[in-house]
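What follows is a pair of complexes built around subunit A, which joins subunit B in one and subunit C in the other.
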Partner chain A sequence: MRRNSRGSWLLAIALAAVAAALPLAFLRNQYNLILLTTVALYGVLTSAWNIIGGMAGQLDLSAGAYLGLGAYTTATLLLRWNITPWVGMFAGGVVAMGFAFLVGFPLFRFRIREVWYALSSSALVVVLQVVFLLWKQVGGPMERLLPSASFSLYNLRFQSYLPYYYIMLVLLLATLFIAYRIRTRRLGYYLLALGDNEDAAEVLGVDARGSKLKALVIYAFLVGITGGLYACIYGFVHTSFFSPTISMEVAILGIVGGLGIIYGPLLATVILVTGRELLRAGLGGRLQSLYLVIYAVVLILIALLRPRGLASLLGAWRKERR
Partner chain B sequence: MTALRVQGLRSGYGKVPILAGVDLLVAGGEVVAVVGPNGSGKSTLLKTICGLIRPYSGQILFDGRDMAGRPSYHIARAGISYVPEGGRLFPNMTVRENLLMGAFATPANLKSGLLEEIYTLFPILQRRGRQYAATLSGGEKQMLAISRGLVSSPKILMLDEPSLGIAPKLVEEIYDRLHALKAKGLTVLLVEQNTNFALELADRAYVLENGRIVLEGSGQDVAANPEIKRHFLGL
Partner chain C sequence: MSGEPILQVSELCKSFGNLAALNRVSFHIAPGEILGLIGPNGAGKTTLFNTISGLYHPDGGQVAFKGQSIGGLSPHAICKLGMSRTFQVTQAFEHLSVAEAIRIGAYNRHGERGVEAKVRETVAFFGLEKIQDWKCSDLGLAPLKRVEVARAAATDPELLLLDEAGAGLNASELAELMEMLKTLRRKRDMTLCVVEHVMPMVMGLCERIIVLDYGELIAEGTPEMISKNEKVIEAYLGRRSKR
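On to the complex of A and B.
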């Protein structure tokens, strides 16, 4: 088992090195760079979602809420008080975290779970979108542009996507590490037990409310930071960042990847987001939206053939080897 | 020494009352069985003690502290271990993870050597250690559930129908192990429909009917009571 875990670490480091070297192949092509950045961004979102959705078993559909909060916090701090996004994105994480606490506390207190949790969390995204639409000082109907610059480290604005990709990669590695730490510690066992059978976990001494709240808050923090970066990458903030679509997509990728398995959501993201984007680019000119049909069919096939997620493919392969 | 004293306990599901004032006592090191017909409130009694159901009124004194109405994780951490009907395992965790879960959630943590002790009791659990709990047979699941209840080194173990839906041969095996645990001085509150096995194991027994205790006595006395035989136990 020791040797096995050392092997996994080596594999993880090797994959990280490949990910770091990847852009060198496409230096001249900004499209490929933004594709890589998008995959890394979704990788962060889905790996963070795995903590609340995969481990704790809560079908969370509120990623867009925390993404938007992080983006708006970062943008507002920069535009109003000229505070660098390096600080802003962490502030965004903290705001998302605080908001998650305010929402999660009553939800878990009154034992809102399953479909009801999913509905409440998805309503949150829409509610925030309206709030920011009406909140003229911070949001409003127009995009708020961030200062553009060909290379400004202070404003975190670059002409090329390359720096964003590396920042996102660091965040992705940090997220995976946090998820791994949680999974292998006490909290991870609590969350998995809660996800499997909440009553049984409670009679064994698991504080269901406290554990779920911790998971939600950690997830919101990571998504909030991502939101800050998201704003810098695209160079503006808009209320459409509070996106039910992104929220749903994050959950779908998390489920398709394999609930509670650390690398599962990332695996699904790498395969499916890359595939979807390439399809979109390839078919976009001729048959618009066809890529969505293909994407949906692939998702259905995975759900039918691999109900435990894409990661179970690797699991089966490893078991056979043993 | 009294481990658990239940006084005037009334509880039920929502507005449907099940327990209509139950008094019950479990002394340290004692095995107490609660028997009675289907729907008499046996499971409700255990669920109320472990905090899954809030009592309407009454006291649940454990080590001198009233546990009534506290959240179930508090009660579990205080040392009351509840093995639910059908085991209620974590199907997506391995057998070993299920076991560790029992110790993880309590401040006591896993006592060294305890896992080995449990493996001696139920060797099959060691062999199945890396398997998902969902893949176990009914009897193995029950063994795992009991073991999971034991790894937290509880002051009292509460078992809800440990023989339910299990092959007779395995029921015998499970009760054989319960006898061994009793000999080691474990305090047990047991709820059973399989009265033969339960009354043979128990030091004392209560008969529950329509949410009330209608008879109490030593295991043999209750088993021998002709009224009980005829009315409830179908012996």
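On to the complex of A and C.
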């Protein structure tokens, strides 16, 4: 046990070092850096989703809501009050968190679960999109451009993707660490128990509403921060950031990776998002959306062959070696 | 037994539609006793447990635990006060191992520091060492039932409600369970309330028995008295002869 966990830590550190070294291999190629940054971004989203979706078993489809809130908070603070996105990102996280609390409180109070939770949470994304479309002072139908610069640390605007990749990587490592801390402590065990059987957990002293609310709020905070970074990377904010598609994708990757397993969603993201982007680049010119068809087929195959997720592949392999 | 009752139930009512599953049920549990709760199928025993433990809201009446009214409290708050229970239809944590399921209960009174020791001690007490790393979804009925008792006991309750913990166990498993329950009471000062259809278990374990029929309390007394009580015999035999 002990040795095993030490080995896992060493492996994790080695992988982080590899991730940090990767851009050195493709330093000149912006396309590859965009790909790496995109994978890291999805890695953060899916690993954060794992807390509410994988551990607490709530089929959450609202990542886009917190992403958009984080992005708009960061952009608005920068554009109106010239507050640096380094602060704005965290403010975005806090706004997303507060919003998640307001939404989660009644949802968990009335024990909304399964498809009903999925529906409510996905409606949230669309509602926010409309709100920001109509809210002229902050949103509106047009994109809001952030100040452009070839290299501005204060505005978090860079021409190259390299700094963005490293910032995203730090956020990814922090997210994985937080997920790990939760998973190995009381909250994580409580969430897993709640995901399996809420009544049984409650009579053992598990506060169902409070625990799920904590999970949701932590998830929203992490996604909100990511949203702030997202805005800086794109250089603008737009209501399309409240994206049902991203919300759906995050949940799918989280499920495909293996529910409740720390590295599962990241594993799925690395394989599938990379594959998808390469397919898009390879086929994009000829057949506009063929990559989506292939992507979908791969997802279906994984669901059929590995119903417990990609991470169970590694689990099986480990067991055999023992 | 004397002194303040650990649980006082007064005039408790619970209906499903127009079916009165509990009709003005009043009784008490004295600290340190093992109380038997029996009655024919559909009498309302499980409903009574659900209402006391906070899973159902009572339609009327009071429940006081250690002198404090707990009507309307949520189950986890009631557990924090010192009451836990098991389920008649096992409610497993399918994705957790046996040790992890017990850990859920152990967190009730222990932080990260003490929880491991509590889990180890509980695993040992219930003789679950061999299967502690098994997933609960891989367990058969008998071990699953034992895990349910173990995880509830791990919350360190003062009052433990057991809903047919003995159902489906063979004679030796039943004898082991009874020994464990007696030890829990003796060494951990737990008060127990057991719902059972398995008569040898009720008779061997309980000092006092209450009988529920059609949502109403029809008798109370020692096992001896209950086995001779006419109303009780009628409740059981009367219904049986109708089948």
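Everything that follows uses one rule, which is that the second predicted complex is superposed on the first by the 322 of 322 C-alpha atoms of A that agree within 3 Å, B and C clash if a C-alpha of one lies under 4 Å from a C-alpha of the other, contacts with A are read in each partner's own complex, and residues count from 1 in each chain.
Simple rule for what comes next: contacts are C-beta pairs under 8 Å (C-beta built on N, C-alpha and C of every residue); 3 or more make two chains touch, one makes a residue touch a chain.
Worth saying up front: this structure is predicted, and the values here are computed from it rather than measured.
Engineer: Report clash or fit for the pair subunit B and subunit C bound to subunit A in the combined superposed model.
Structural biologist: After superposition on subunit A, which the two structures share, subunit B runs into subunit C.
Engineer: With both complexes superposed on chain A, which partner does A:208 reach: first (subunit B), second (subunit C), both or neither?
Structural biologist: both
Engineer: Now for A:190: first (subunit B), second (subunit C), both, or neither, which partner does it touch?
Structural biologist: both
Engineer: Looking at the overlay, what does A:260 touch: subunit B (first), subunit C (second), both, or neither?
Structural biologist: both
Engineer: Per the contact definition in the header, classify A:199: touching subunit B only (first), subunit C only (second), both, or neither.
Structural biologist: A:199 sits against subunit B and subunit C alike.
Engineer: So which bits of subunit A does subunit B touch that subunit C touches too?
Structural biologist: Comparing the two interfaces on subunit A, one with subunit B and one with subunit C, the shared residues are 186, 189-190, 192-193, 195-197, 199-208, 260.
Engineer: Which subunit B residues qualify as touching subunit A in the complex?
Structural biologist: Contact set of subunit B toward subunit A: 50-52, 71-73, 75-77, 81-82, 84, 88-93, 97, 100-102, 104-106, 148, 152.
Engineer: Where on subunit A does subunit C make contact in their complex?
Structural biologist: Touch residues, subunit A against subunit C: 185-186, 189-190, 192-193, 195-197, 199-208, 260.
Engineer: Can you check the complex and tell me which residues of subunit A touch subunit B?
Structural biologist: 186, 189-190, 192-193, 195-197, 199-208, 259-260
Engineer: Which subunit C residues qualify as touching subunit A in the complex?
Structural biologist: 53-55, 74-80, 84-85, 87, 91-96, 100-101, 103-105, 107-108, 111-112, 115, 151-152, 154-155
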